[in-house]
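Quick one: the structure is below, questions incoming.
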Amino acid sequence: MPLPRRGRGDDLILTNSSPMLMTGKEYLESIRDGRALYVGKERIEDQTTHPAFADGARTYAALFDMKSDPALRDLMTFEEDGERCSMYYLQPRSQQDLRRRNRAHRKIADFCFGLMGRTPDAFAGNLTGLSMKPEVFDSEPVGNRNNLLAIYRHVRRNDLFATYAIVPPQGARNKDYYLAKGLPQPALRVTAEDDRGVTLNGMKMLASGAAYAHEVLIGNVMPLAPDQLKESITCVIPLNLPGLMLWSREPFNRAGMRAFDRPLTTRFDESDCMLVFKDVKVPWEKVIVHDNPGLSRDIYIKTAAHVIANHQSNVRFGSKLRFMLAVASLVTRFTGARDIPAVRDMLGRFAAMEAGYNAMIDGQIEACQPFDNGFMVFNRRYLYAAIHWAMENHSGLIDIMRELMGGGQFQFPASIDVLDDPDLRTLFETFWTAGEFAAADRMKLFKLAWDLIGSDHASRATSYEKFFVGPAFAVRNYNFINAPWDELHVAVEQFMGTYGTTQGSVR
Amino acid sequence: MPLPRRGRGDDLILTNSSPMLMTGKEYLESIRDGRALYVGKERIEDQTTHPAFADGARTYAALFDMKSDPALRDLMTFEEDGERCSMYYLQPRSQQDLRRRNRAHRKIADFCFGLMGRTPDAFAGNLTGLSMKPEVFDSEPVGNRNNLLAIYRHVRRNDLFATYAIVPPQGARNKDYYLAKGLPQPALRVTAEDDRGVTLNGMKMLASGAAYAHEVLIGNVMPLAPDQLKESITCVIPLNLPGLMLWSREPFNRAGMRAFDRPLTTRFDESDCMLVFKDVKVPWEKVIVHDNPGLSRDIYIKTAAHVIANHQSNVRFGSKLRFMLAVASLVTRFTGARDIPAVRDMLGRFAAMEAGYNAMIDGQIEACQPFDNGFMVFNRRYLYAAIHWAMENHSGLIDIMRELMGGGQFQFPASIDVLDDPDLRTLFETFWTAGEFAAADRMKLFKLAWDLIGSDHASRATSYEKFFVGPAFAVRNYNFINAPWDELHVAVEQFMGTYGTTQGSVR
Amino acid sequence: MPLPRRGRGDDLILTNSSPMLMTGKEYLESIRDGRALYVGKERIEDQTTHPAFADGARTYAALFDMKSDPALRDLMTFEEDGERCSMYYLQPRSQQDLRRRNRAHRKIADFCFGLMGRTPDAFAGNLTGLSMKPEVFDSEPVGNRNNLLAIYRHVRRNDLFATYAIVPPQGARNKDYYLAKGLPQPALRVTAEDDRGVTLNGMKMLASGAAYAHEVLIGNVMPLAPDQLKESITCVIPLNLPGLMLWSREPFNRAGMRAFDRPLTTRFDESDCMLVFKDVKVPWEKVIVHDNPGLSRDIYIKTAAHVIANHQSNVRFGSKLRFMLAVASLVTRFTGARDIPAVRDMLGRFAAMEAGYNAMIDGQIEACQPFDNGFMVFNRRYLYAAIHWAMENHSGLIDIMRELMGGGQFQFPASIDVLDDPDLRTLFETFWTAGEFAAADRMKLFKLAWDLIGSDHASRATSYEKFFVGPAFAVRNYNFINAPWDELHVAVEQFMGTYGTTQGSVR
Amino acid sequence: MPLPRRGRGDDLILTNSSPMLMTGKEYLESIRDGRALYVGKERIEDQTTHPAFADGARTYAALFDMKSDPALRDLMTFEEDGERCSMYYLQPRSQQDLRRRNRAHRKIADFCFGLMGRTPDAFAGNLTGLSMKPEVFDSEPVGNRNNLLAIYRHVRRNDLFATYAIVPPQGARNKDYYLAKGLPQPALRVTAEDDRGVTLNGMKMLASGAAYAHEVLIGNVMPLAPDQLKESITCVIPLNLPGLMLWSREPFNRAGMRAFDRPLTTRFDESDCMLVFKDVKVPWEKVIVHDNPGLSRDIYIKTAAHVIANHQSNVRFGSKLRFMLAVASLVTRFTGARDIPAVRDMLGRFAAMEAGYNAMIDGQIEACQPFDNGFMVFNRRYLYAAIHWAMENHSGLIDIMRELMGGGQFQFPASIDVLDDPDLRTLFETFWTAGEFAAADRMKLFKLAWDLIGSDHASRATSYEKFFVGPAFAVRNYNFINAPWDELHVAVEQFMGTYGTTQGSVR
């Protein structure tokens, strides 16, 4: 079977005529596409073999294999119009469809314990949500509804993994500075247009997963000023377009790092890339918003994109919480502290928080809401509440884990390579064994736990959970604007209407 | 129509042969039953007219009226075996039945803004839950399964309002002290038995709603020692049994208190009574546990009692949260601070917490669990998580309201009676009006808000939300014992099994 | 000995020529001065005998007696210019003087367990602080430096108790509304001026202690707009000036309330009054700021007023913390829970917080700072830090007390009058005794604790601790503007200057 | 000048006869003493040149240079008995002496921004504190008072840097397991004794700074059982004793790490070592506790060791807080967010917390307490309160920094080596500059901030601040046992004695 062939620049559309789910092997082949990926000044020729990315690539490949496993066919895929597609492209029309999406997200999230935010189902939720209300794009002069739907079908049909970059660089806030100095603006913008499409220059932040994805949506999640016409460009493009550079942040996996020492970093570092554009040509078919600052921001909220996509992020965080709870519990078993009432109390509290959070996800299905065009969406208020909960509580839960671990993680040798030296090994096994728990097993668990709370990878996650939907004020604003204030106020006002200033008692 | 007749002592069963829902008027008649209710040394002859209780009684009567309103028939009642019963006696057999219970609870909770914990549907949940697994009582020598089912049918058929008292007095912890001194033990116990039944002496804490209820379950929510045979007595009895005294805690409503000044205290003070027994005779038919300390505690957990009853408490707290959020929002509207970003942020956070909590309730329905005997119950882990959430967060939310109110509540005259004096009224309306918000309206809202956060009634609620299910360690223990530890551990252990001590990288 | 005579209106200066410390009896006489004090529509003729105020008045009288007790002469007073004065009027010139003020504040605070915020030493700190930099008032056209110093000498010489009211009414924020409607502005302002002085109309909030004090400072703690010339009036006047009305908020003490039931409310309700002015004439000698909006606000910060006065508030809160800690500990002794590790842990945490807070107060002395004119002041940053700490932590500590009390406070009869009835008394003593702790003693302690955390009086205090220095953002702003940002930044910048972009390692 | 010569095994005492302060160069020479330091299986021959330790060694050397700088003579040293000694060996006899210790600690702490816990003044405080009450050691059969004083003089005279290891390995808790299996116990113990001294075998945790120190105290901070005679051994020994191995935890500094990328890790990784003993001979002169489990634990509390030593840890944390506050502020200046009210509010809060903590340290001097033998110590309650504060608040403050940084740290290239490539450099400087803040400067600050909150080094510190004095329950216990409960209780009881059960009002 011929692999999906992906061209460069002038050949953006996958050409296989018989759509099917990608296997892991096909996936790995498909991302060796010549993209310009940089780690500092080093150009990475093949991210599937480079030490900083190879393990991550294998994790994504395993996800593709899982998804195409016939045994999981009903869980991970659906059939429509004769095509079998990944479940995360399902447009939900019922409560049951929402459950199906939920189950598929959970399977993926559980595979990586919720430690990767940008699995293929993440942006897929956004794109599917956009497709559920394409008329939003009709306000565009060029009728981009069709482009949007074509992109949705293209990505779904070819089982692609797309991601997004929707934040301007820091320097974009200082527009006047650049104008005054006659310098180019750092924020990505359209610098030329012709019959075939637009030319882009500038930078976009921060494409998580871009080292591993096929395509990327470029857009704006933060409001633009009305005069930022050229920055409003929103399009979905392959990551190997000529002129597009991926500048990776410092990778956390590196040559020589052992799985034993960093079991999570080695597998689950999804990468984050800044995207630098130098005269990148994008054909009109890939453009969904242009010269329309208001729409550029609104598409996520006015369509079902935000609500469908963030259910995935909710589910992912729920998997992570379960993993954290499990590790916390195992650590206390290994330290022998699990039966101390105060420790049991902390675990009970942790379990309560985990269950409470996951209840909020199930509540989104029970209280699902009709959407336009006959579709159904998750309960919005519950969704934003769950995002808020995660943002507010994750650091504290990590801190509980820190408390439960004590200084344990610093009480192991610098490397498990002590096993290579017979004398050191004997000492290690004599002094580090703790009752029934063998020295190497204890070290293995503490290394895992440290990689969950203390490594660079862990710390990046702690920041990520605070910010991936936006800063705290934005998350609280989502909750504010979705609250039914009038209904709430009326209930109080009606009650206050039942008594006046004079009664000695009620009624 | 003859009122349900309720006898004293030797005539415990209601005798109306055609069961029907009680109206408010019938309810008020029915609780004037001669019970021995004390406020300090004062014996209250008629709680439906005494200033400390009359307003509360009217609130309960209004609930009965609402329940028997034909317009709410489908929401508030169900029909079974030709009888129409209050919905809160429904034994749920499906997810839909759980939704029906949920909706009825919510209607009642919304009526009193969740400010009364012991509405008739509260203990009804316990009793219904007990009836869903009556075989638990078969371990009793005298086959109390039948007693339990008869009590369930009796209460449901006669539309009664029952409550419970299941905590020993403080002194019970010092058993040795009383033995050494030859003093009677304060904890309630069986002091004699004969063919007709048992004789009870001692005290039980703390029957909320007892001033207003028809019957009360006496039992033990805290574990007993194996030798506390006689304290294990569990029975459901009328509150007017000879020898039974109700000692009320200080009532918060009192003569001369205006609805304007204390709109919540005057309506929603549900009362708490200590129950003092002096040679109270209880017939065997009313006994469900006897001489069985283990069972006495276990019945709530081994049956569906705890899970069914606490869904009501979850729903009630959800209504309260909505009310708190509404009042918080209105206060900021009246102070003009609502549009300040920091205030809006606080309201957004409050709204997120309210939505998150109510999501946990809906999640209990989505993730409902099969129970024995073909019944269905709410998701237990989510239920205990919600209890834990409320216990941990209520005080903090009250504190946010305090913050939003500023010192506003202290900046009003001592009484709205200033309106009676024309000169004072003019000054009041001149100086206390704030823009579009009239002086008396502002005062009315701040008085309401104070009664929600600052009055004795409010403070009692703040303690209540912390303790009504038990102290924090008990609530955390419920969460601990219901967590699926093995399943959680296995997932981590399987992952750790995929790598050893030697690999340079994963796989 | 003739009592200090205090006149009305045209006779504002006390006339006794031989200054001396007031006794409690003299104090009580002195406040029966005809002031127009209202509780709702009721005019209070004599606050030293009215049930709502008599107990409070006696507490203040006891403070005066303590202060004039020869045994406490060195602790509570100092001598200057041949006059013996209350210590809280001492202008500190050394670290030792600061300690002397600290000790006197603490003696007063301990007397009322920090439960009264507006003891005579509170505003005395403000006035003394103003007097330490009188040149600030020279910017006034009429040379108010002399007025200020004369007021300071007058109050100190006559041992007066003064308070303050420095917040506009809520309606003041809606100025445009009143202008548009042609209504009088509610905010206090100068409505006329002549050779003798100014005429005032409008309202000021919120004079705590005004029912008991002799005089009151009228001013503005919140910034005024430059055009609010007439609202900038700042003066110190007797509370019995003709045309001045005191509108009390709802008093918490009332007829029939027993000390047993509300031991703190009955003694320590300091009162809060709104001040309503109707054509009140104030002579120029009493005016310290006029037609100067900027200065009106600045005097507290540019002089030593804020820092000297708030050390008293720090000390007061420290006394309260000790009291709270003591009650928390006693409650656990009475419930028998004190030896449970989790409870001991909570008490240890509480003790750590109490000690930490009081350490912040002592730190203000160790790190005291020179001020202008040869004076010395407490460390400002530490002072604002302590205010911030109290504001942030008080509610949480009350919540810990709530947790330690459990539902205990609701498990006592409505009134201790059960002791009057022999039968009830026997039951009470049988069932409510808990081991070695007698029924009435237990009830007494729980009533005290409730009055500290749950009564209206307690709730008012919980709001007060959050707001008496200003809202959270203002307190944080004090901390922001006093932080040595430049010094802090330079240290980091110097460090960053020691390494560049190229080194493989440091240095 | 001959360097202090340090022998191995049978030559434990430094032999230079003219004591003087060590320079950095001398220090570096002195620690190249043949100690058996391991990183995994690798034996580190020279920690002053090995990439994992060389930078740290230079930092310590710089501290020695600073200390011997004549310009800082009065601040950093004192003279006694004709010897000039490091200030941290001063036995304080007055409040002023406590201030001198405080200032010297602060100078050292500020040098490393409080990021190293085990600077030479840390254990010096312990040892000095032990020497202030040597009679505690008289309870030892062999009169170890003299040993202790000789050790104190030896370390002080030779200006040595000593550290400590006082925690048993995890396995020590499972004693029965080892007995049952016939395995050697992992906990360090005396396995033989003879005329010259004791022989030690087993392991001790966790000697921070041991890679860099000269000597180490071996002891027990956790209570021993009465039968743990042989584990009670307490002695102070050189780190190069034959048979003693130092097993380092994973070092955070490593070859190729740039100061630019990890400016704190590279300089301030103080190391932590597990100490493994194989037949280590310790002469009697170095033993201070033997065969005395009770004393082994008590010496820290019964002498001034704990209070003197922990003042240093307080001061160190105070320096760190200032550094954190400075970095937090600079980050917001660089992001342009510093003037947003919500950000300013967070900084104000942070500043309040920093000031409050440092106030607690100054309070320990103001409220210093006399100790035995004419000495003076810091206020104990305030000291433990400060420890508790740091333990409770550090993680939260790190989280505030995380919040202020946003995702900024992930929006920079993987390495500053992009400057080496002209094209990349141009792009970097174009797109990463933000207004007046140059690209490399921004990256430098964010790298520093990340190394303070997110790197392995940072995470280790976050655990360290939680645990270095002991787990939370132990810290709370110190606060519990030092609280003046009787005094606190009496004040409440006296108050309650002023009113009975019958008064209508107080007095």
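Each chain carries a letter (A, B, C and D) given by its place in the written order, and its residues are counted from 1.
To be clear about the criterion, a residue touches a chain if its C-beta (ideal position, glycine included) is under 8 Å from a C-beta of that chain, and two chains touch if they have at least 3 such contacts.
The model shown is predicted, which means the values in this text are computed figures rather than measured ones.
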{"item": "Chains touching both chain B and chain D, listed by label", "value": "A, C"}
{"item": "Rigid-body rotation angle, chain C and chain B, from Cα fit (steps of 5°)", "value": "180"}
{"item": "Interface residue identity across copies chain C, chain D - same or different by half", "value": "same"}
{"item": "Chain pair, A-D or A-C, that carries the greater number of C-beta contacts", "value": "A-D"}
{"item": "Whole-Å gap separating chain A and chain D, where each centre is the average of the chain's CA atoms", "value": "40"}
{"item": "Distance from the mean Cα position of chain D to that of chain C, given in whole angstrom", "value": "42"}
{"item": "Distance between chain centroids, defined by C-alpha means - chain A, chain C (Å)", "value": "52"}
{"item": "Multi-partner residues of chain B (at least 2 other chains)", "value": "341-342, 345, 416, 472-473"}
{"item": "Residues on chain D engaged by chain B in the complex (per definition of touch)", "value": "341-342, 345"}
{"item": "Residue ranges of chain D in contact with chain C within the complex", "value": "51, 54-55, 58, 110, 113, 253, 256-260, 263, 266-267, 322-323, 325-327, 329-330, 341, 344-345, 347-349, 351-356, 358-367, 379, 381-382, 384-386, 388-389, 416, 419, 440, 444-445, 448, 472-473, 475-480, 482-483, 485, 488-489, 491-493, 495-496, 499-507"}
{"item": "Contact footprint of chain D on chain A as seen in their complex", "value": "38-41, 169-171, 173-174, 177, 183-184, 186, 202-203, 205-206, 245, 247-251, 261, 272, 274, 276, 335-336, 342, 395, 399, 402-403, 405-418, 420-421, 424, 427, 430-436, 442, 450, 453-456, 458-460, 462-464, 466-467, 471-473"}
